[in-house]
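Each of the two complexes below includes chain A, the first together with chain B, the second together with chain C.
And now, the complex of A and B:
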């Protein structure tokens, strides 16, 4: 614990610890909150996020479900519409597809279809992303599949403090939230987490590092690589501004546009594949609203257009954008 | 490829148009659908979009000149994909210049030969050395930010030395050039190895030119230039007053009952039709019935004789964008109160959005002016040239009225004023018409059919 942390009552924790402690606090704070999913009870979640919760809060609030994602989400929707605050877990984002109809066709449309009589205050948590030798079925990024859907909020915080603030905001949100946790950051990323209950506004990006030559927009594990790359370039006199998107939908246009208007150059980095990805929407938005501030073509560094991340290390590395690639792209753009 | 642009037909009945203003100069680039000329006809001004992307080669018609529709007014050198200098550099020099024009920075460039040669050479060299930055050495293809900044700071980008990859001119280069800018007319050298730099046409620190007064923001002491619309209004008002001897008369109308009728219907009407139900359509309905009874009021004085119109086309005098404009409800005698309300609503909406076409403004045979909207209780309107009558509806006010049985009642009263062309009708006909109109309006009341 650092001196600063001691003074402010902050605690240093990993991302996974931040998820666990925030969930725990929510269960203690609010009787309506419950957790349901595969192996969340007796097993305590595959990442041990809910270890001990079953004993502490009982089987009515920590519910082990069958391997049936459509049911997990469907039952949670019903609970949410009737006043509970379910937190449904999809064990790995790769398994979310059977629940697609429930999420897109039901949860996202509840408020609209009932003309506001019903809302769907639920959180769907799921670990996503690769780089952990997870191979085909434990590595995907799913955000673009849900990005197109009005009525859904998609959050993907990348630091422990942001996880706490945004998970609290998600639980408080009266509408469904898809809460994405990059599994490679679970234990590799540590940071200070302020004590006490707080929320971070949904839809607000965060400038993690200020700079003047190039704007980088990223989220998830890539965000940490981008910060590394930007710090390395400081030595070359290149000043990179790194924006952590945090909230994928709604998108924080204000922060992105203000930064692009300052630096005039934009690099978007995400792990999900490039075609039709989050970066495409950000690019289009910037091109529509700030074309005459751009001094270089917008660039994207993203996953390749291949069906999945291979298991072989070489294939995984080929898929995951390296920090070196980020350094090169930022330097090229700065010098352009 | 050169494309000849002709005078467009702005409305079915229009046969000629006046070039009010060229929005582009010779040598300017123009995008497809970008407005490049303002054309005015009898009463409507319209910006005409270019049918092609290219560079203005020739402006055939001078500003203020009137030509027939279909007559050539300009020539644009078209820029298409095939004329953009390709890897083979096969495009002709003139096409290269044209292609370059399409991506012109918008910055000022010396008008004469050497600049064009430079640009042509740059365009040609782009063909062989075009890199991902889209900018060959010495070329003038620039990013949107550079383009905008160069325009704002009036920097000639072809004279700025680029510090980016492959000598690309960056936004910061433009800002540096602007900051290093000398005072007006003095060229400066900004680095040791003599990159050229063209001085801005105005000193950077000069105060912004004070905005001129406009019709909408008139300032004492200023001379407001005449717009085409204002010239036309002035000309037609003078023409009318000088040719038609105006006479004037007025009646008081008790609109209590029709006012009640309107009040009863207006909410449902607006909900159903999305148009406010005012007194105007009731009034027009009464007027067209009176016009049928007094056809001389729907006529024009000509040297050959008095032409009594078959159609009843009622113009509505309205103010839009600071100008008087009179869109016309055609066949107004064929419309019910509801039909008149919808027709008037559509025209007023079009006028507010500046979307009136020449056909909307042509063919009026009689005019109604709702002067009461501004609180007036009495006005003496000027006739639309060629028409015999114009009536006004003044403000509706509650007044104590002595009725036929000597009782005093509070009634909603409205004055209706009529200006008439005394060449066509005399007082007897005009008064008869106006009294007839009054009786018809007073006969309207709740229970009628819209």
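And now, the complex of A and C:
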């Protein structure tokens, strides 16, 4: 981990606990930090991330907003323009569409359109992703809708230690950050989190498993499946390198190219739709920079091009890429 | 309240404003009219690609600006707020730098004209997306309240068409629920490009919508700078004292087409415009001040000449400036170097 950590002991926690404790520490550390959104106060957020915050920090800092996503983001933009550090929550990523204008048309362009006169240092946190029986409107991945937008930073860490370091970096960031939390990893992923304040550089990927035969680039819940798949293939003598993107905009060219030039094979895995997804940009970059270093065509394993996963288990499972599919794809590419 | 008897025996209700303040409002109105004309002239001469006029809004904006507390309040203007921008301290040179898109424009020549920014004066940057900035105005007011900066308020102006937007509703509702120090000024000029008020709402007054938010809503004569000043001053004082938001609707008119790219002959009768021309706030306010003895005819003439001189000087000075460098396209995307692909020393 590339952290400026004060390594004074670590704690094991889940992803959701890492979000909670990092937010808590930020509120203690900096009185410019506010949390605002639907049901973040008395209810303590629908995943209980902010439970107890209202009692500890008061209604001026833990703000239950009216049920209106555009103004959750828009009011936070105004606060940021005026020097506060708001953390706006969109209850589910699927509900972010009413705020699209505020994120794309306003927050991402505040610094640019005023030529630096006004800035917009804010974080928009939102749980995304499927595999939790969330159906069409509680399961989507939204990153591809936003990663086309200059001025916006998009982070999608997948482990508790990365969540802490990148959420701290997001709060420090002088520009707007969209912070994506895969909800299936909230309680299913646990890990050690270093004590003390640290940040992880925005735009830096992390090699979660070193290998020599195939490079896999992933993030979110898929990352953990990819690590499982890679570990299974160890028994077959296939060595997979797994890169956790962590940051979607900006992305880490150095780590991806170094790995691809070593393994000469690239598999990109993400839950979001394949067409126009993050994998398309990675593929284009690798083709532009390292085509003649490749020994096989680039492969992508992604969500299918349907509007969303269904509520029925059969429909959800058909949408989500299984670990077995990942094992097969990695093996095929290794043998190419 | 100071009142002055006019030559015709009418009483000019000055709303507590000094002679100097009344003349300052008239000067602002004359300057708006002159700069508006200049923008359209420069466009017709092929010197600038686009201009927007505020003709008909002069009184609203001169009055509202007079109620603005410089150094404390913040203005989150909309694109037809030339007079508010001037009234809170922006200069004709800044306006013309924006019209000419020169590098002396504080936006760096990026924004359309009339999309001001001047953080030092408390003028917030906006986009062209109608009513999107109202939420930002609410956020700024929320920051004032959070930091317990009483005595500060935000002015969030729009036209009447903007009140159809969800974000206007969300803004007023949020401000009402959280009792924020903000005034939603609606400059009702009857037209949103080609769409009349009757196609925007069922109610006769935007101010009537205030009842739905549980806040005060007042209508004032937007052809009178004094009436608008009085309504805005009351609403702002209320906000600054921590008593929450309100809506002030100033009834005015848009004499010009929406912009230099619009042709209002396609949707609006000449009779409609002529009828409203009789209410033109600029000559009427000048005459009222002369009648009331605040200003004499010579003084009014000198004021008009001074405004023309200032406009001419600012035009020449702005036109002489350089365009932004092509390289400036790449700056201020985010803090520091902008690179969507990051490279590290490994």
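Annotations
Everything that follows uses one rule, which is that the second predicted complex is superposed on the first by the 328 of 336 C-alpha atoms of A that agree within 3 Å, B and C clash if a C-alpha of one lies under 4 Å from a C-alpha of the other, contacts with A are read in each partner's own complex, and residues count from 1 in each chain.
Going forward, a contact is a pair of C-beta atoms (placed from the backbone, for glycine too) under 8 Å apart; a residue touches a chain by one contact, two chains touch by 3 or more.
None of these values were measured; they are calculated from a predicted model.
After superposition onto chain A, the modelled positions of chain B and chain C are compatible, with room for both. Legend: residue contacts after superposition of the two complexes on their common chain; A:272 is shown touching neither chain B nor chain C.
Judged by the touch definition given at the top, the superposed model places A:336 against chain B, while chain C stays out of reach. When the shared chain is aligned, chain B comes close enough to touch A:264, but chain C does not. By the touch criterion defined above, A:116 reaches chain C but does not reach chain B.
After overlaying the two complexes on the shared chain, residue contacts for A:244 are found with neither chain B nor chain C.
Touch criterion met: A:204 reaches chain C, while chain B stays clear of it. In the superposed three-chain model, the partner touching more residues of chain A is C, compared with the other of chain B and chain C. Of the two partner chains, chain B is the only one touched by A:292; chain C is not. Angle at chain A (Cα centre) between the Cα centres of chain B and chain C in the superposed arrangement: 80°, in steps of 10.
Per the superposed model, the minimal spacing between any CA atom of chain B and any CA atom of chain C is 8 Å.
Once the two complexes are overlaid on chain A, none of the chain A residues touched by chain B in the first is touched by chain C in the second. Residues 132-133, 143-148, 164-165, 168, 170-172 of chain B touch chain A in their complex. Residue ranges on chain A touching chain C, taken from their complex, read 34, 60-61, 63, 65-66, 68, 70-71, 73-84, 86, 98, 101-102, 105-106, 109-119, 150-151, 153, 174-175, 203-204, 247, 249-255, 258, 285. Chain A makes touch with chain B in their complex at residues 264, 291-297, 332, 335-336. Residues of chain C touching chain A in their complex: 74, 76, 106-108, 110-111, 115, 117-119, 124-125, 127, 129, 132-144, 146, 166-167, 170-171, 173-174, 177-178, 331-335, 338-346.
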